[in-house]
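Got a structure for you, written out below as structure tokens; questions coming shortly.
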């Protein structure tokens, strides 16, 4: 156990300090191994007990969580059932530094109680199959009482030391960590917003690892001494369709558009082939929840579908009801891959004879446009499984009363399935339900997935015990170290 | 003076005929050939989406040079008027004008851009509007500064006595004194406008993709800086050469004006 | 200050001075000899090239290594509107290698009646006549080989003008300095210079002792000047 | 008619003029003489409204003076012209401002009277001699036939011949057009020969206003005597004495 | 004295009020949902409408314009900038933190700009139109012509990656400020050089200069005492304007060099529609401009007291 590691990351949230539970998610503390949650998500996006030893449902709204034995906070105090309740209950206290309305809503707790020293009993207001998944939310870190020495009194392999807002977040090894001694004496995370700048800092030897390395330079840098890491995450780039009006209200045309897009081409051109994987469905292939739906590129089929929809091709241009088939694509600029993706889509569409235009604006403005029916396709990027559970995002995006259903997609069958998914507790049954959900989405092109983003990281030679996590929630474990 | 004229003509030709000279469609994707090095087919190579860099540069002249020219001229006009009103119009006009200028200077361009984009919708006009709206203050300050000192000159007193209308005094007495510093500021504004157009393009208005524009070509190329450096070098060179040429001709213009004096 | 009598000054000589401006010859080759401590007046109608000749003369003599003091025709051509009078004074002292404050400013100013002028003010805070006297005072600080004065009294009232000329006379005599006095005023010239040079259209057309020119002007230019000497004798 | 009603004017913290009162009727000439620094130029600035009197009023027939478009001949000849413009442009300003057409005949007449070639109007101010600039200044002042003209040392840079001809031109035009003229001058000869009244200004106050006749034969104040003596000493009044 | 003090106060107040109101009003009416923008900034991910509505309520965006404006303005009158909508923390300490990075950087940039511009401009103006002049001006113009991010990346490549002399990223030590200050300074130097040169050439044409030369005043003294003040009037104007440029330029430079500071602060605040933060920055810059404008006005009057005299 020696040495120090410097990680560069695009931005360092200021809200972590001093209380990672506060208001918003405590990603940095979770990523750097300072805090831990009751449940965790593994690298296949399956749920596993983390600080908990086991979780069981004793009634539709009652969950019993048994804690691991012998876990201590950084200041040495023991992790008890009461400590867990003490850590979670302030989140619903308004004005408390840990106050976090979003998580309170996520948990929707009616009450908490202890059953002995090691069992916490959670009572929810309504049945919710996503509850155990919610316990993996980074903001739900279990913390002991803070002190000057341990302002973030977590349980993880690293101890929070200090932070400079927007600039640096520094942790040191917790040599008493229950699973073993961490690999670094000190880890510094520095914020470098611009990926190209971060790449230069890496080359200058100022940082040892870059999270979100520029994809375009990945091949070059990993051909040298550096190691490259790349794996798909659940962040999905997809098109919201205007299902209420315009050409996209016709499922045949939606499907045609989907077939017209060469997703691998997009990944190659926009993400240099490493920054993502083509998406056939909402969840990354091979990971938990993903149905077996491949991304298909078939321009001929696309044209056939257009013809089936009643469009006619004249002079290389598809006409619908006598007018040229035109598709307005909107997107926003805050993520660099959005605009080229839209541009390429435009090119693919025009290749089969559909005229398309691209407008890059702000997320809010674009969202308003699609909601108002002024645009046909809205390219956005969402994390499909914020806590590893598949339900919430799909409900928001596609349920007819979904809060973010700006394309006004409505499908009674899908609504019913999504409702059932939330209320079904058996994992196998749930998987079956969400398989059906994904089949419907694909068959109806309710949204058009394009690719899953891969997190592209680069580290100096010799880093072991590190993997890219599909929800980007974890970086360091006690096993991460530099081999000599 | 002659070199300035030649340059101006060259730029004008570039704006008007640049697009016609392009060997390829500037927006045609060619993913298999992405990031290819210069070749006989693609003289300057292709970009990340496989588009011909040379064609994009040639087409981009209209956006980058043309718009920058318009924007810097509008700023010049607005700013000079504002500055002269401040210098000439007496204490109250001066006070009001300068407070307005301060307000605009303090007002972040970004906010203006976001808002104008939303209110007017993306498009060339809102781009011109936003950039002019946030670009005139330099001219105003410079015009006022020099104007204040010209105001005390005997010939201005004489013109006032003669009862010359204010605009005419501004035109004939203030402007010649202002021209040298204004040309310097103008060339600066031109350069800023070229880069500003691309900065605002990133906020989602003005030149919309896939229309080529030098500034965003430059920005887009940044991630390829190490692996395909040429991609960043071409638009960079073009911007640098143009801005440099414009700066130098601004100085030549200034000297020519001063010599006439 | 060095006493003038111990210094023997050389004769000054310029030859074939000419000037072109905007493609137009405004001074044709002109030569002039100035004996030590001699006082020469340059007269001629307005626009005949007197100032041009004066400038050329100074520049040429300075190039030859002589020290020449100058009083330009207009104070605007002598004073920087952005610097105070005190600054100009010190600058003139420093240029002559004197320590600041060594020149006898009070006496000079008293004689020129500008002792009440506020030295902290900039030139335009003084009246034009005051500025002109200030410039004359600056020219009288040192002991150059020659002083060239271009219309030194044009902005002065007769009382002050007379005092100024007397002061000048005294200084020139004491320090053994030669003078070139450019003026349109024959009356003035007749009193203060021994030799007159008459200019016309960029040529030096006549050069003779003052009395000779006043009494027997040879050229038309001289005759016209002599004919119109003063107001009361207004013939027309 | 110009009425100056007991004004006082400050320059900086100093009282540059006080107790000044006089009237000047159309067609008449008032010469203002006085030692340098007495406040003559200040008086002109005050009449034209560039300096506000701290007390008293100045009016042209009851109106503000500027409303009658008075003309000014500046003491510093070149300062009156924009250095980058040909003189003609500046000269024509009063005509252009009044919306009149270019009075070629009048320009010719004025040029002849002032003994300047019309050609020099195409030059810029620093391409003419100071005496020429001064005469162009007079040309400019008279070009639009103003009702009131203020001359600040109009002849100071001119030779005797030109002085006389210029003075005569001014007088002739005045006789024809009847403008009121206020002439600041050091030249007693000129003042005596060409004015209806002479005001002697000293240290910001009017010491005496008299006709030229009285001024020559029976000067009231000691200063006038001194002025005359000095003028004689310089050679100016010699012949008249 | 009290009158000028009052005038100063008034002018400050008017500009501050003007910018604050304008920014607030425009931002409020900007397209898109501010609550969504804030939520996005908080969670770095897109979220369902419920979460957004919750955020809206939390930060008080569920009221109409005027109540929102007053509830921000009220505390401000007691010098309380309020709390960030994104982080919920008080704005002032963070703003102050950002300033401590930006202001020294801007100052260093200005000094570098001046340090480069002054000698270059004087050299160039020595023989206008000659080759030496052209070269000097070309060098200076290069600073303006090279886009800041190009220059910044080039400097990093050269000094940090290739030579390893200077640190590239962050702001931990003063050495970290060298490259960003250079990037900023070279941009400033360009326009300063050109305006100083132009000013010198202009001043050279003054009618009184030959007489002063004939008086025997050395060239260096003439340059210092007579040409410099005349050249100064356009120069101080531009110098004041460079302040605006510096704050703008800082945005880019700070991003390139991974420095926290006002630029980064403002950009993220605007993207997140963090009203209190945006407002705080705007007020601060407005204050800078009022004060700099005031200083410029005083300098004008100091150099050329004729200015303003005739207003009296």
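When the chains are written out, they are named A, B, C, D and E in that same order, and each has its own residue count from 1.
Here is the rule we use: contacts are C-beta pairs under 8 Å (C-beta built on N, C-alpha and C of every residue); 3 or more make two chains touch, one makes a residue touch a chain.
Everything numeric in this text was worked out from a predicted model, so none of it was measured.
> In this assembly, which chains make contact with subunit D and also with subunit E?
The common neighbours are B, C.
> Moving only from a chain to one it touches, give the least number of moves from subunit C to subunit E.
Shortest path length, in steps: 1.
> Centre-to-centre on C-alpha atoms, which chain is most distant from subunit C?
The most remote chain is A.
> Of all the chains shown, whose C-alpha centre falls nearest the centre of every protein C-alpha atom combined?
Answer for the innermost chain: E.
> With contacts counted as defined, which of the two, A-B or A-E, has more C-beta pairs across the interface?
A-E
> What is the distance, in whole Å, between the centres of subunit A and subunit D, each centre taken as the mean of its C-alpha atoms?
Inter-chain centre distance comes to 88 Å.
> Once you find the CA centre of subunit B and the CA centre of subunit E, what distance in Å lies between them?
19
> For subunit B versus subunit D, what separation do you get between their C-alpha means, in angstrom?
About 50 Å, centre to centre.
> On a C-alpha centroid basis, what's the spacing between subunit A and subunit C, in Å?
91
> So which stretches of subunit B touch two or more other chains?
Residues 114, 117-118, 222, 225, 261.
> Give me the residues of subunit A that touch two or more other chains.
Answer for subunit A, listing residues that touch two or more other chains: 194, 196, 203, 361-362, 365.
> Where in subunit C do residues touch two or more of the other chains?
In subunit C, residues 76 touch at least two other chains, as defined above.
> Residue numbers of subunit A touching subunit B in their complex, please.
That would be residues 194-196, 199, 203, 214-217, 219-221, 265, 268-270, 272, 332-333, 336, 339-340, 342-344, 346-347, 358-362, 365 of subunit A.
> Residue numbers of subunit E touching subunit B in their complex, please.
11, 14-15, 18-19, 22-23, 26-27, 29-32, 128-129, 134, 137-138, 141-142, 144-147, 149-150, 153, 190-191, 194-195, 197-199, 201-202, 205, 233-234, 236-238, 240-241, 244, 248, 266-267, 270, 278, 281-282, 285-290, 293, 296, 300, 304, 306-311
> Can you name the residues of subunit C that touch subunit D in the complex?
Counting only subunit C, the residues touching subunit D are 21-22, 43-47, 49-52, 73-76, 113-114, 116-117, 121, 125-130, 133, 151, 153-162, 165, 184-188, 190-191, 224-225, 227-234, 236.
> Mind listing the subunit C positions that touch subunit E in their complex?
55, 58-59, 62, 67-70, 72, 76-83, 87, 91-92, 94-96, 122, 124, 138
> Would you pull the subunit B residues touching subunit E in the complex into a rising list?
90-91, 95, 98-103, 105-112, 114-115, 117-119, 137-138, 141-142, 144-146, 148-149, 151-152, 180-181, 184-185, 187-188, 191, 195, 215, 218-219, 222, 225, 232, 236, 239-244, 247-248, 250-251, 254-255, 258, 261
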